[in-house]
Amino acid sequence: MDLSLTDQQEMLKQAVDDFVSRDAPIETLIELQQTERGFSDEMWRTAGELGWLGMLIPEEYGGSNTGYTDAGVVFEALGKGPVPGPFFSTVLAGEIIKELGDDAQKENYLTRIANGSLIATLAMAEPDYQWGNAGVQLAPNEEGDDYILNGEKSFVYDGHAADLIITAIRTGSDDNDISLLLVDTSIPGVSARKLEGFTSSESSVTFENARVPKSALLGEVNAVAEGLHVALMRATPLLCAYKVGGAQAVFDLSVQYSRDRVQFGRPIGRFQFVQNHIVQLVIHLDSARWTTYEALWKMDTGRQTEAAIHLAKAVTSDGYRHACDYGHEVHAGTGVVREYGLTLYTRQSRSLFHALGEPRYHRRQLAKLMPTLQLDDE
Amino acid sequence: MDFAPSYTPEQEAFRKEVRSWLDDHAPVIEGDQDSPENYAKFRQLGRDLGQRGWLRPTAPVEYGGGGMGFEETVVLYEEMSRRDLSIPPYYDSGGWLGGASILVWGSDEQKQSLLPPIFKGDVVTWQLLTGPEAGSDLAGTQTDAVRDGDDYIVNGEKIYVGGSNGVDMLWTLTRTDPEGERHKNLSWFMIPADLPGITIRPMDLLGDGGEGVGSGVKNTVYFDNVRVPAERLVGGENNGWQVATTHLELEHGAGGSVSRNLWFSRALEWARARQLNGRPLVEDSDAQDRLVEIYEKTEIQRLFGIRNFWMNRTHQSMTYEGPQSSYFRKLSGLDITTALHELFGPYALTNDEITDFSEGALDAYQRSAIVALHPGGTADVQKVLMARRIGMGRSEAERYKAGKTVE
Amino acid sequence: MDLSLTDQQEMLKQAVDDFVSRDAPIETLIELQQTERGFSDEMWRTAGELGWLGMLIPEEYGGSNTGYTDAGVVFEALGKGPVPGPFFSTVLAGEIIKELGDDAQKENYLTRIANGSLIATLAMAEPDYQWGNAGVQLAPNEEGDDYILNGEKSFVYDGHAADLIITAIRTGSDDNDISLLLVDTSIPGVSARKLEGFTSSESSVTFENARVPKSALLGEVNAVAEGLHVALMRATPLLCAYKVGGAQAVFDLSVQYSRDRVQFGRPIGRFQFVQNHIVQLVIHLDSARWTTYEALWKMDTGRQTEAAIHLAKAVTSDGYRHACDYGHEVHAGTGVVREYGLTLYTRQSRSLFHALGEPRYHRRQLAKLMPTLQLDDE
Amino acid sequence: MDFAPSYTPEQEAFRKEVRSWLDDHAPVIEGDQDSPENYAKFRQLGRDLGQRGWLRPTAPVEYGGGGMGFEETVVLYEEMSRRDLSIPPYYDSGGWLGGASILVWGSDEQKQSLLPPIFKGDVVTWQLLTGPEAGSDLAGTQTDAVRDGDDYIVNGEKIYVGGSNGVDMLWTLTRTDPEGERHKNLSWFMIPADLPGITIRPMDLLGDGGEGVGSGVKNTVYFDNVRVPAERLVGGENNGWQVATTHLELEHGAGGSVSRNLWFSRALEWARARQLNGRPLVEDSDAQDRLVEIYEKTEIQRLFGIRNFWMNRTHQSMTYEGPQSSYFRKLSGLDITTALHELFGPYALTNDEITDFSEGALDAYQRSAIVALHPGGTADVQKVLMARRIGMGRSEAERYKAGKTVE
């Protein structure tokens, strides 16, 4: 038993922290949020150069394959920024290709993901939104060796920036009868628009007579559900780690503000009402942190992970949201001033709340495990 | 007990009058409630109502109010609500609150000169309460007013003020005796917004560019040696805290309300209209559970609002009820946004013109529910008030009696 | 609109309050809890004499028929005591008989309920517990003009004290194929034992070859589900009112304790952590109060009541429980000392939590109304 | 990171030793855990473990402890847990806490005379912290100790003390300088329970007659001119607050734990065994949701416990983690009782011998979760400690550093 980071992980954490304080201070991130793309290509390149995108990719494809916990450490530090960018989307795409791709696809895509030269994402949901395979209704027409796509994918994270969109299509009537296409976004008929609002990087991707060769199939027709599930589950704790980083930053900001802000002649952190907000905040933070790292550890050590991952996702989604709510209670008016920076986190706590399934979805998956769940020590 | 108003034939006749008047005057509101076009319509409705004394139905007729009784007022509220409208001081909360204070504390001249424009809807007034250093601690304001001949010279800065549609009058609390005893060193002024030395600058708040729907455009107001005529001092020098107490009470929810929080009926309507797996979303058991959460919160809000409305209008002795209603509304607002998010997924966040079925309303509410935690006193301030008025930890002798009711 | 009590209601409330402070002070109630029956026959008689049991019974049967809100006022004041006894059980039985009984049954039973000479209750649930008709599995054998009962009814409130137990039996295979028998507890083969624990007055009732004449049927065979539902719904807000009274008492105790108890040199009510408990408590109290009284008012004025009653029951069950939890946080160790009295309420907040269906049950009923719910002002 | 202990071959050999020893010595516990018969079995197990140094595995060998390392200790805990047992100081929390303080603050003579009986399981020690006037405000105790020759004369009253199975030693915090500065006027004594002038009387707490299962039998202890030898003063006169800080830290959860809250596995087992409408209850969707609630709370409890266990045993710098774990355990206990109540309905409340399938455990937990809000510092006290140690509202200079780790 050892809950500390390894030396390697401490170095990784330090590297991301240094990067954030040097290249991505909060003022820069506030400005970035106003831009068209919403993130910095330079930051993205740096991440690629420093190897942060290849940590789950085998060495033969240029990755370092150092494991989930290492990657989690990086994602936590990025989330603490919070550094925006298609980091998670691309790593998730890599996991899917690792699971379902043939050798040529792996060679082609994983190599470029590992070195940061490819931005990729997954497109599942559609305007009639629901998370999961049942929500995939976009059915292609077939013409010779091509699929012709017409329709829309909604709430695609980083769709507007992606070079590659792994697009789920309906190819049969059973919920799980879906297939995946590796769609190069430069082909005619594919366009994306960013969805505005209290979102982070969600886009709507439209297909108008987009012609995709069948050779772009990732995995077999109607036989990808299991591989996709595995990849989604494996990637989930990294998203959780990103949220843990955000919640940690909100905690740090709130504690500092409780010291600096004086009202009624005392720092507000001396008032028990304010203390209560921070007490609840740190419970959410630590619940998110430890459920996430236990899930990562279970993945790295080949243990049963299903319950742990669902738990981590439900707890971190709720936890980040509540952490921000408590942060706002501590900060009152100051917290909603954009230049202060708290709302960068609040926005992500909302935007990532439903990503890969809202808390209710994961609790229902957990619920379904109850008849057969085994505790580790039984 | 009677949770619904009951009416005399005269009142029912009044209802007919209101209905028929609204047939002619009620504006058609489409799209974003907060658009400049809709604002102009609401503003016009306010002026039209003001002409009949219906803008401030219970205020005295001599100052431009309606001089109406309890049940008649309810009729008016109900008929507005039936058209998804409400009595429009919502765009003039400064006038609603400031007017209430002037009615209590103003001299005869002040009442005659300041109230009719407010009650008739001719002016828009902003309240200026929060300073950069003094948020919850209102009495700690660092805006100063120094007497100089027939004027006061005002210097300072107030934040989280007003909106984006212009203003005529500003009222604020200033320090007139910096060394004086706390709560006894403040004065309350009603200030024309166009005096030299006043600068108004929009703040950049939660939202994309500060102008986001529902993010609540707010301003910083700077006073740089502003010369305010002494006749604009209301309630006497160093009596400002007493004056403010009158409107703070109202702002803390003591006025109550007979209208519903619309989020339940909206959510229900959308859940009936949208589909999930080929069936209406409302038939999904998880969706139903989320609707029940929203129903529960909004029903309790409604009941607290009715209770306060009735207590206020019938002059019952009120203590903790105002801040309780305000606190509950603030906190349940956050819970409702979460339930809506689980109910409608990512649609809760976007105002995308093409796909969003709520015309931006859901996205706006996710943000405004956070912003709404703070104005009119933070959620914590509401708890402080409740604790004081319930007399927690206080002996009989020192127990604060807030039995005074306000308009 | 008028949210005050009528003069008549104020008098009723005063009468019960006077009775409680004179005959049922907290010390007396603590002693009563230790007794075999758990309540005082003398208090029961007084309630009958003062007409508190006949407020929903028509005048022709000796009641005063003054309405639900009036009865709610009495139940609130009893709950504030908290005065233990088969008040609610008996009034509920009266409602069922009113709804389903024939003239002779009404004459026989309602008259005695109204004057306090009959203790009655309803037995639905069984050892395989679930609330609702599906939980009724006790099937009788028929012998000529008699039913022979063998089996057990569980969690029957006041079963050990009842003269009459309205016993639900299974007489068909559909969930709603149940029938009701007016079982005189003095017949051979019927016995009851009080269920010990953190209960109030729950009993287990055992039938061993108990012979009940078919003339004791209340309503027709397999045709009572609707009438029973109506009676249960009508009675529910009275139980809610009893809980409101309890929550009110816990609030009053807590505020007083916040003034009297001194720690760290100050009354504890000056600490914001303690204030927070009382703030949350009074929100639960007022939520319970106003949902309950609106439901009562809707019943008295012939409005749609279904949603209001389910809401009131869910809110008061949760509310009373939470009110007690917060009360315990305010009182710390003092609150769990039996002679202080707080635990009288805590016990009832638990015992009545699931009575007539736990909060989850009522929220599910409410959920099922969502597709067709009409708001009053639509 | 590694959430599971990893073992050397020597440690695995030790595991075999423990297993085989337990095969011979582990008691068979049936029915009510707290019955006098079972208490006697647990007590005997404690003595048996004590003989091998396994009762206090990490304490120094010279005082009767095991002198064992971190992973070996975990092996011991795991093997106990596998048999639904835990290392039995739970019946001697007074000895566990008091022993820790004596180890830090006692003189050599005191360590040699006082520790071995505790570490070997020969005595049972109660802690006496709360007084009628001083609950959360421990330092406000009104129990006095006045020096008189070689003794101190102790007078006062402590409440919520001990259990129902007898006691050998009492430790307590007394006031030795009533006029002295707060926190610097207290002294800590280890007192034989049979001294003249000591009276122990059971309290009547939440439950039917005070003896209810899980209601936690507690006593009032009266000191009436009790003559305590000065050699029983630990840590020096007026240094008692420092001594107490050592064990308070442990009591506030800083010790951590590697064992699970058993309520999830119990609830799961019962939900699988019981039927609803002819199917196992665990297949019901509502029942599953309740189980998930319990799972979530108990998993987080477990993770906080593991974290604290690891931090404590490896001497990481701890600040708020102890009281956080304690606060979470207290509050989630209430939530778990509610979920159990919704899951099992009225069975949650009864210990009826015939129908209750939990052998009284559910009923007992509904009550004990309430009682458990307070001992070891109320839930509010845990928040006070967290606030102080996180340094909320405190400058660097005044920030409390609680980096000191304890056994």
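Labels A, B, C and D are assigned to the chains in the order they are written; within every chain, residues are numbered from 1.
Everything that follows uses one rule, which is that a contact is a pair of C-beta atoms (placed from the backbone, for glycine too) under 8 Å apart; a residue touches a chain by one contact, two chains touch by 3 or more.
All values reported here derive from a predicted model rather than from experimental measurement.
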item	value
Centroid-based (C-alpha) most distant chain relative to subunit C	A
Approximate Å spacing (C-alpha centroids) for the pair subunit A, subunit B	39
Whole-Å gap separating subunit B and subunit D, where each centre is the average of the chain's CA atoms	52
In subunit C, residues with contacts to at least two other chains	271-276
Where subunit D touches two or more other chains, by residue	285, 383-384
Topology of the chain contact graph, where touching chains are joined (line, ring, star, complete, other)	other
All pairs of touching chains, each written as two labels joined by a dash	A-B, A-C, A-D, B-C, C-D
Sites on subunit C touched by subunit D in the complex	33-34, 125, 127-131, 134, 152, 154-155, 193, 195-199, 202, 204, 262-264, 271, 273-274, 321, 325, 328-329, 332-334, 336-339, 343, 346, 350-351, 353-354, 358-360, 364
Sites on subunit A touched by subunit C in the complex	271-273, 275-276
Subunit C to subunit B touching residues, read off their complex	1-6, 69, 255, 258-259, 266-272, 274-276, 278-279, 282-283, 286-287, 290-291, 293-294, 296-298, 301, 307, 311, 314-315, 363, 366-368, 370-371, 373, 375, 377-378
Subunit D - residues contacting subunit C, complex	130, 133-137, 140, 159-160, 203-210, 274-277, 286, 334, 338, 341-342, 344-352, 354-356, 360, 363, 366-367, 370-371, 373-374, 378-380, 383-384
Footprint of subunit C on subunit B - complex, ascending	1-6, 70-71, 74, 78, 81-82, 260, 264-265, 268, 271-272, 280, 282-283, 285, 287-289, 291-292, 295-296, 299-300, 303-304, 306-307, 310-311, 314, 316, 320, 324, 327-328, 383-384, 386-387, 390-395
